[in-house]
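What follows is a structure written as structure tokens; I'll ask about it next.
Labels for the chains are A, B, C and D, by order of writing; each one numbers its residues from 1.
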């Protein structure tokens, strides 16, 4: 089981790829932990996160098998 | 020169006619005076008045040649 | 600005689309529309038909004044108001208010304000025909805000 | 409830009219519609085109959730939300929100609320193409209330 990660919009440009996949390390409990694990840096300001296609927070728990998405503030409509 | 008077909606049903015409008597200065002159009674509650097709008040002055309309609260839209 | 009275049924969406043919839509990011229709019920009574009386001449003046004042108050670029008069059947359109603007707040607020003023200031009066054949004047509009 | 994504231009008024064919309009006294279009300017810059990125799957879920919550909060009888995705040219429709209700306040407030939530919660992102050929991500929506 892995966690699949997606990046959208400006964030995808900045990260340089559309997604990642990782087995959940024991040190990763939340979406924020996951970001720090993948990028060796704190989550950028105004970062938004969705877990399994629902809005979540950086302190929301993540589990193996989850679909996690990181993106900047939305600008539809 | 006369003042022409129109009644609309429920008020026309109650007055029993669509309009009146009268030379302005010397005692009539306002739309309220005009109503009392024509009907021998005080203006009914919530009576609305227009003078020359603009909303007016019972204390608005009337003059010979004016088109005066009395009507109940409007209910369009 | 366009203000129109219809004594026959009209299609509000066709009216909006027709008006848009002459508008610079690439400047107008926001369009807000309200359509009011005749319901077959009111105050828990079943209504069969409606007669919309109006004050010819003053009605058009009032609608134009209401639109001009909205155009002065908000940065809106175009407004369309259409109102039915005469005998109306359930589900037919009574009123259309459409506002085009560069900005959604202006479009939305101007549309709401025009509708409220049409309902409370324009000289129209509704007479309902109930199922038992009796008729009654509608005494007042429901409050809007 | 109907939520739709379009990758090609769509006619918002045709969509509204099509939906109304299946609605009991004699019960629905009030229809409130907002149409948002692509402008050819933003922040004083001339914009040539727009790309609307979205999160397939989550987008539909979010739009449905927003509509369901509006239907729970207001006495509205039908809602229609349509949103464009992909490459868009100036004057093309980006978003349609239409709400039908027996009462005008419910229709108006639910329409405004759905629009604001679509703008602030649904996962869409706009990238603008300027006249000099450069591109920029739109950083934030203008506040709505």
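Note that in this section a contact is a pair of C-beta atoms (placed from the backbone, for glycine too) under 8 Å apart; a residue touches a chain by one contact, two chains touch by 3 or more.
Keep in mind that this is a model prediction, so the values were computed, not measured.
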Residual chain groupings, excluding chain D and keeping positions: A | B, C
| item | value |
| --- | --- |
| Set of chains whose contacts include both chain D and chain A | none |
| Intercentroid distance (Cα basis), chain C paired with chain B, Å | 27 |
| Computed distance of Cα centres, chain D from chain B, in Å | 49 |
| Whole-Å gap between the CA centroids of chain A and chain B | 72 |
| Chain B: positions in contact with at least two other chains | none |
| Contacts with two or more other chains, residues of chain C listed in rising order | 36, 115 |
| Chains touching one another, given as label pairs in label order | A-D, B-C, C-D |
| In the complex, chain D residues that touch chain C | 11, 13-14, 16-17, 25-41, 90-91, 102-105, 107-108, 112, 115, 142, 144-145 |
| Residues of chain D that touch chain A when the two form their complex | 36, 52-55, 57-58, 61-62, 83, 94-95, 115, 118-127, 137-141 |
| Contacting residues of chain A [partner chain D, same complex] | 6, 8-10, 13, 50, 53-55, 69, 71-77 |
